[in-house]
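This report refers to the structure that appears directly beneath it.
Chain nomenclature is as follows: A, B, C and D, assigned in order of appearance, with residue numbering initiated at 1 for each chain independently.
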Amino acid sequence: MSVARRAFIQMSVGATVGILFTPTVWTLLDDVSIWTQNWPWIPTLKYGEVKGVPTVSKMCESGCAVKVRTVAGEAFGTEGNMDNPLSGGGICPLCANGVQVKNSPNRIAAPMLNGEEITWEKAEEVLVDKLAAAGSNVAVISGDQTGTVNELLSAVLTGKQSDKFYTMPCDMQVSDRAWTGLMGGSGQIGYDMENADVVLLAGADAFESWGPTVANMKAFANNEGGKFIFAGPMQTKTASVTSKWVPVPAEGMAAFTLGICYYVLQAGKSVPASDFDQFKAMVMAGYTPAKVEAATGVKADQMAEVAKQLLSASNPVVVPAGSVAANAAGIALNLLLGGGMKVLPEFAAAVDGAMTRSEMLKGDILQGVDAEMVIIYEANPTYALPEQVKAGFTVAIDSVNTETTAAADLVLPSLHSYERYDDLASPYGVASAIYTMGAPVSKPASGAKDARDLFLAPAGLDSESFAEVIEAKVEAIGADMDELVEGAAYVLEETPDMSGVTLAASALGKAAVPVKGTGAVGLAPYTVLSVGTANQATTPNAPATISNNQLVGDNMVVMMASVTAKKLGVSVGSKVKLSGGNGECEALVQVFEGVLPGVVAAPLGMGHTVGDEFSKGKGDNVYKILTVSSEAAAGASTWAGSTVNVAKI
Amino acid sequence: MDSKLFPEGTQRCSFGQFMLWMGFLGAVFLWGVYGATLVLYNGIGTTGLDNYFGFGAWITFDLAVIALGAGAFFTGLLKYILKIKQLEKIINLTVIIGFCCYAGAMLILVLDVGQPTRAWFGYWHPNVHSMLTEVIFCITCYLIVLIIEFVPLILEQKQLNKIPFIHAFAHNLHVNMALFAGIGAFLSTFHQGSLGGMYGVLIGRPFAFREGFFIWPWTFFLFILSAVGTGPVFTVLVATLMEKITGKKLVDFKTKALMAKIAGSMLSVYMFFKIIDTWAWATGYLPSVGLTFDDMFYGFIYGKWLMFSEIVICGIVPAIMLVVPSIRNRPGLLYTAGILACIGVSLNRYIFTVQTIAFPVMPFDTWQLYYPNWVEYATSIMIIAFGFIVISLSYRYLPVFPLETKLNYQSGD
Amino acid sequence: MEERRASKRCGGVLPFIIGFLATCVLGWAVLPGLFYEEIEQPFKFSHAIHVESEGMDCESCHYFRDDGSYAGFPTNEGCAECHAVDPEEAMEAIAEAGIDPSDYNAIIAAELEVIEDNLLSGEDENKAAEREYVVKYLIQSTEVPWLNYQYQPDNVYFSHKAHEGLDIAELAEMKNELSSVVDSAVFDEPGEQNCNLCHMKDIDKNDTPPAFERNIISGYSKMTMKMWKCERCHALKGQPNACYTCHK
Amino acid sequence: MQMKEFKVKWGMVIDVDKCTGCGACMVGCQVENNIAPMTKKDPYNYVQALTWDRDDASNKLKTLTWLYVYELSNGKSFPEHETAYLPRPCMQCGNPACVPVCPVVATEKNEEGGIVSQVTPRCIGCRYCMAACPYHARYFNWWDPIWPEGMDKGLSPSTAVRPRGVVEKCSFCHSRYLDAKDQARQDGNDPMDLPDGAYNTACADICPTKAITFGDLNNPEHKVHELAKGKNAYRLIEKLGLDPQVYYTSEREWVRKLGDNYNADGGAHGAPSNSHG
C-alpha cells in the first residue's frame, strides 16, 4: 500500500496519542458525566433562612399545634410544637401533610356562584341578599369544633333569631349531650390519661381518631407504668399498644360500662348525687354481669377483671365513646371511681350574641337539616351525611374542592390554616381548658381571601378582619397575644360548679339497653387518620402510608374474623357488597382476627367523588351504609349499632 | 440476484424467500424495539419489575444467554490453545453465537439500568470490590474480542476478500487469533465466574449466599463449570437447527459428538460440585442462620420441583447421556441431552436470580410473586430475533462452515 | 526494497510527530476555551462602590446566621435597608402613571419621584444600574437571580461554617499540592479574608462583575469546584472524604 | 467480615410497644426528603399518555417509603389475636450487604456516624443493592417524580430531588446532621460531640408517642446508648451478621421472636432477649 496512506494512518495515531496528553478528553468526559446527573425536568431546591413558625393546623378533628418549617419564607414542611401541651413535639399524619395540601391544585381559586367564577364583591352581595331573603330560616353547619369562627357564625344566626347551628356528628357533641343534657352538668368533660395509673378506653380509639389524638398519644408516651385497656368491637391501632383488648360490640358499650359499675357499686363506691340510690338500684337490678353478658356477649369475669383493676387503681380513668348512653355510663363510672375525669370551664366569648359551645352542640344533624339557607363552614356534609341536608340556597366555605362545594350554590374559598389567623379552644377530651392560636405563616394563595371577613358585618361586628375577632378573643380570655403567637398555650385553671349533677339513672337505665339493627352482621366503622376524616380527604403523601388492609388499588377493604368470613361464605380477596341504611358499598374481604365475630370492620373516609386523585374514586363511602337509630331515652340519634347485609359479587 | 455474494461453491435459497424470512424476523425485532422505546422513554416502571424484584426476567435472560454463549470462548480455548484440530469445523459458528449472545446481553443491560447514560460509570468510578464491576469490565472487553474474532470471517466474504488489503489484513488477524482466543478465554472465564459471584456474595440473602475460596464464593466456580458444560452443546444445537432449516449438512456428526463429549465431561464435573455445594448449604449454612431447607421454598411457583428439575432431570440425566458414548452417538439422544442441559443451566440462572430475592428473610415479610410483563418478553425476544438475523446473514454470505461444500456438493470422500 | 524500508522509517516518525504536536497544541490552548459561554449578571453590581466608597464590610451582606448557615447573596430585604424605595408606594405611583408594572423601560423612562428621589448613586452610570435594580427587582419584590460563580448542584451540601477557619498562610505550605485546586496567586499576598481561596480573587475591589462562564455541557460555572478538587484538599487537610460529608 | 467502626455511631432504638402505626413518621419522612406523591398521569410525557397509567401508591411494591411501617400479627385467632406495628428505616448496617456490591461506589459505609450513604447522582440504577438488602430498605425510582402543579414550590432544602431510574434510601436525614454540626460550630461547640437531641431525624421528631429514639450509640450521654443494651432490645435478622445500627425493643416475646429466624437452631447470637454488640 502507498506511503501516503501509511503516513496518514501514522499521523492519526500520533494525533490520538497527542490528544491523550492533554486534559481535553478527561475534562470532557467529566463534564459529560455531570451532564448525565442533572436532568432539566427535575425540580431544583430553594435556599435561604430556615425557620420553624408556630401556628395551628385545622386538618384533623381536634386540630394540631404545629410549627411550619419555612425556607426563605416559603413553607415546606410541618413539625410538632414542643412548647405546646397539645403537641409536645408530635403531630398527626394529616397535619404533617399540611403544606402539601396548602399548595394543592385542588385549592379553590375564586368565589363561585352555581359553578361560575365571580368576584369577591359580587359574592358578598349575593351573600347579603340571600341572608336578608332567608329571614330567620338560616342554618349553619360547622366542621370546626374548636375555633372562634363558630362564635362569629352563631352570632349571625342569633342576629336573625335562628338557633339552627349544627356541628358535624362528633364525640364532643355526644359527650355534651350526656353531660349537660342527661346529667345536668356544665362545662366540658376531659380525661387525664397522662397521670392515670389505669385507663379504660371504653370504645375511645384514643390514639387514632378519638379526641385530641396527638395529646392522647403524648399522654400515653409520658405515662410510665400506666396500664391501658381498650374495649371495642375491633382491635384498632390503639389496641395494638394497650396491654389488653376487651372485645365489646359498639351498641353494647353502655351496658358493658354499667356492668363494670355493678362491681364498683358492689365495692361500696358512691357519689353525692341526688339520684344515686336510684342509679344503684337500676344497675344492681338491670345490669348484673349475667344480664350484661347475655345482652352484649362480654364475659362476666372479663368485666370483673377490668373492674378489679379500676378499683385497685389510685387514679383510674374511664374514657367512653360511642352513643350518648355509653358516654353517660362512662361519666357515671368515673364519678363513682373519682379518678382522672376532669370538667373544663368554657373560655369567655369574644362575640356578642355568640352561642356557648354547649348550645352549638344541641342541634342534631342526624335528624336532618331543612332551611331556606344553609351556611356550611369547612365541613363536608354532602359526603358524610348524603341525605340529611336540605336547603333552598347553600353557601359552602372551604379551601379545597369537596362534594359539598361542588353541590353548593355559592362557594367561598377560605384560607388554609397556615395562611390565616385561627385558634383552638379546648379540643374535646383534653384534661384542662387550653387555648392555642396561630398567626399566618404563608402569603395567601393567589385569589384567596379570608371568607370569614364576609360574616363580620352580618354578625353585627364592625371589625375590619377576622384577625381582630381573634385579638378580642385573646383579650376576653385574658391571655397574652405575643406568647400565643410564639406557640405557647394558655391554660385556664378552674372547675365549674358540680352541684346538681345527677347520674341520669332513669334515662340511662333504658338507653343503655343494646339496640342492634336488622342486618346480618354488625358494622364497625373505624377511622384511620392517614385515610382522612369526614371533613378532610386523604392528603397527597398519605396514600403511600395507607395499608392494603384498608385499600387495594381502588377497592376498599373490609376486615372480619375468619369465623365471620366462613359464616358469610367469603374468603380473603372476595369482592362483596355491603348494604345497610339506605345505601350500598363495594369492598374486598380481608381476614383480620382482631375483629369481633359477627362484625365487619370498614374504614371511614374513602370513596370521594370530588377532589384530587389521592382521594377521588379510592374505595367506597361507608357513611352511605350507616344506619341512624334514635336513642329514644337519651333523646339523641346515633350511628352505633349499625348493621349490614353482606353479599358476595 | 445476490448469488455473487454466496460463499465459494455453495447454493442458497432464492432472494425473495430470504427476504420473506428476514421480513418476519424484522417484524419481531421491531416489536421488541417498541417495548425498548417505552422502557427508555417512560422508565422501567413500564416493566413488571418492582421493589421486591429489582432483578427479573432481563437478568435471568442475560445470565442464560451468556452461559449458552460460553461455547465461543471454551471452544476457542480448545482449538487455539489446546490445538484440537477437529473443532475448526465449528469454531466459526461458536464465534457468531458468542457474538449474538454477548451483544444481546449488552443491549438488555442498557434497558435494565435505570440511567443508561451513566452505564459507563462502571469504568469512570469503578468499585473494585463489586462482582458487577468485574462483569461490566469483562463483558465489554470480551464483546470487543468477539468482534475482533468475527471480523476476519466477514473479511473472508468472497467479494471483500478480492481486495488485497482486506485479504492481507484478514490473514494477519488469523495469524494472531490464538492470542485473542487466549484473552477471550481469560475474560470470559472470569465474568462467567463473577456472574455467579454476584449471587454468592449476597450475605443478606440466605438462598444465594455461599462461603468460598479466597474472595470467590463457590457459586463463582459453579457458574464457570455450568457455562462450559452447556455452551458447546448449545452450539451443536444451533448448528443442528440450521441444518434442519436449510436442509443441508453443515457440520459432520463426528465434530458434534466431540463437542458433546467435551460438554458432557464438564457437565459431570459441574454436577458433582453442584450437589456437594447444595448439600453443604442446606445442612451447614442454613441452620446456622436459623433457617431450614424447607423454608427456602413456597407454593408451586417457588416449589422444590424447580431445584429438582434443575439438578436431576436437567443436570445429572444429560450429564450421563453425554458421557456415555453409546447414548451420545445416537443423534436424537444427543440432541435431547443437549436441550435438557441448556434448560438446566437456564433454570439455574432463573432460580438464583428470582428465588434468591423472593425468599422473605424477615419473618414477618411475605413471599411475593413476580410476573414479567410483555415489555420484558418483547425486548428479550427482540434479542433472539437479532441473533437469528445475524446468523441468517452470516450463513448466507459468509463461509461459516468449512465442511459445507464437502458434505453437500461432493459425492463421497 | 531498501528505499521502501527507508520511506517507511521516515514516513513513520514524522507524520506521527506532526499529528502528536498538532493535537497537543489544540488540546492545551484551543479546545478548553470552546466549552464555555459567557452570561452577564442580571445587572451591573459594583462591589467597589459598596465597599470602598460606602465603607461597607463583607459581613454586612455576607454573614453567618445564628444557626450557622451562611447568607450568601443578600436579599431585597437586606438591600432595602439602604435602597429605601417602598415597593407599595412605587407600585401605586406606577399604577397612577398608568404604566404596566412589568414594562421596565416605561417605568425607567417615567422617572417617578418615589424611585428617583431614593436613588443613592452619584454618577449616571451607577445610577442607571441602581435604577435597573430598583425597577426590575426591588419594587417587584422578586429576588435578584444572581449567577453564582461557585455554583454547586442541589446534591452538594457546602458548609461555609466548616471552612470559616481556613488560613491562607497555613495552606501556603501545601501550595504545590494545591496548585491545581487553588490559584497560586492567592498565596502571594494573603489577605485577611480567606474567601479568595475559592471565590473570585479580590471581588470586593471589583466594579463591573465579570461574566459568568457557563460550561455548555455540564451547565456548571467555570469556577465551580469539581469534586476531585474538594477531595484533594480534604485529603491534604486530613478531613473525611465520605460521600455524606458533602452530599445530600 | 470486618466491621467498620467510627467514633460516632448514629443509631435508633424503636419501641414497638409504643408505635400505633399512625403513619405520621412516613408522611414526615416523605416531606423532609422530597419524595413526590405518586400520580397515575405524567402530564409532561406524551408517550406516557399514549400507554397505560403509572402505578399509584396502593401498589406497595412500587412505592418509595424510606421508612415503612410493617403490621405484625401473633398469628393467633380471635380472641388471642394481637397486633403490633414495626417502623423500618434503613438499618445503616455495620456490615452492609448493599455497599460492597455497588459497581460505581454510589453507596458507602464511612465516617459521618456510620450512616450508609446513597449518592443518587452517581447511581446507575442497576438495583444490585436492592437485591442485596434483606430489609427492603432500598427503593427504586420506577417513574419520574411529579408533584401536582404548585406543590413543587414547597420543596424541602434538605434533600436533592432524584430523577427516575436511581436507587434511594433512608439517610437518617443526615443533612440535619450537617446542619447540627454547623450549629455547634456557630455556638463554639465540638461538632464531633453533639449533645443528645441536637441531631434528630424527621420521623423521630414527629412521632406523637416518641416510639423512635435517635442518637449516638457510642456516646454514654445519649439515651440510645443505654436503650440499645436493654434486656428487651433486639435487632432484625441479626444472625446474618449485618450488624444493624437500628435496634428494636418490645416487652412482648412474640414480637421479639418475629425479629429473626428460629426455625433451626444454631443461631449465631442466640435468643433476641440479649442481642447486641
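Methods note: a residue touches a chain if its C-beta (ideal position, glycine included) is under 8 Å from a C-beta of that chain, and two chains touch if they have at least 3 such contacts.
Because the structure is a prediction, the values reported are computed rather than measured.
Taking A-C and A-D together, the chain pair joined by more C-beta contacts is A-D.
Per-chain Cα centroids separate chain A from chain C by 52 Å. With each centre defined as the average position of its C-alpha atoms, the distance from chain B to chain C rounds to 54 Å. Averaged C-alpha coordinates give centres for chain A and chain D that are 29 Å from one another.
The distance from the centre of chain B to the centre of chain D, with each centre set as the mean of the Cα atoms, comes to 39 Å.
Touching two or more other chains at once are residues 37-38, 44-45, 50 of chain A. Across the assembly, chain C contributes 67, 69, 153-155 as residues in contact with two or more other chains. In chain D, the residues touching two or more other chains are 59, 63, 121-122, 144, 160-161, 163.
Pairs of chains meeting the touch criterion: A-B, A-C, A-D, B-D, C-D.
Interface of chain D with chain B (complex): residues 1, 42, 45, 47-48, 51, 54-55, 59, 61-63, 70, 72, 86, 95, 97-98, 100-105, 122-128, 130-136, 138-144, 163-167, 236-237, 239-242, 257-268. Residues 37-38, 41-46, 49-55, 112-115, 118-119, 121-122, 124-127, 129-133, 136, 198, 201-206, 286-292, 295, 356-357, 361-365, 368 of chain B are the ones touching chain D in the complex.
Listed in rising order, the residues of chain A touching chain C in the complex are 3, 6-8, 10-19, 21-25, 27-28, 30-32, 34-35, 37-38, 44-45, 48-50, 72. Note for the complex: chain C touches chain A at residues 7-8, 11-12, 14-24, 26-28, 31-32, 35, 65, 67, 69, 71, 75, 153-155, 215, 217-220, 226. Within the complex formed with chain A, the residues of chain D that make contact are 17-24, 26-28, 30-32, 34-35, 37-41, 44, 56-60, 63-65, 69, 71, 73, 76-79, 81-85, 121-122, 144-145, 147-157, 160-163, 202, 205-211.
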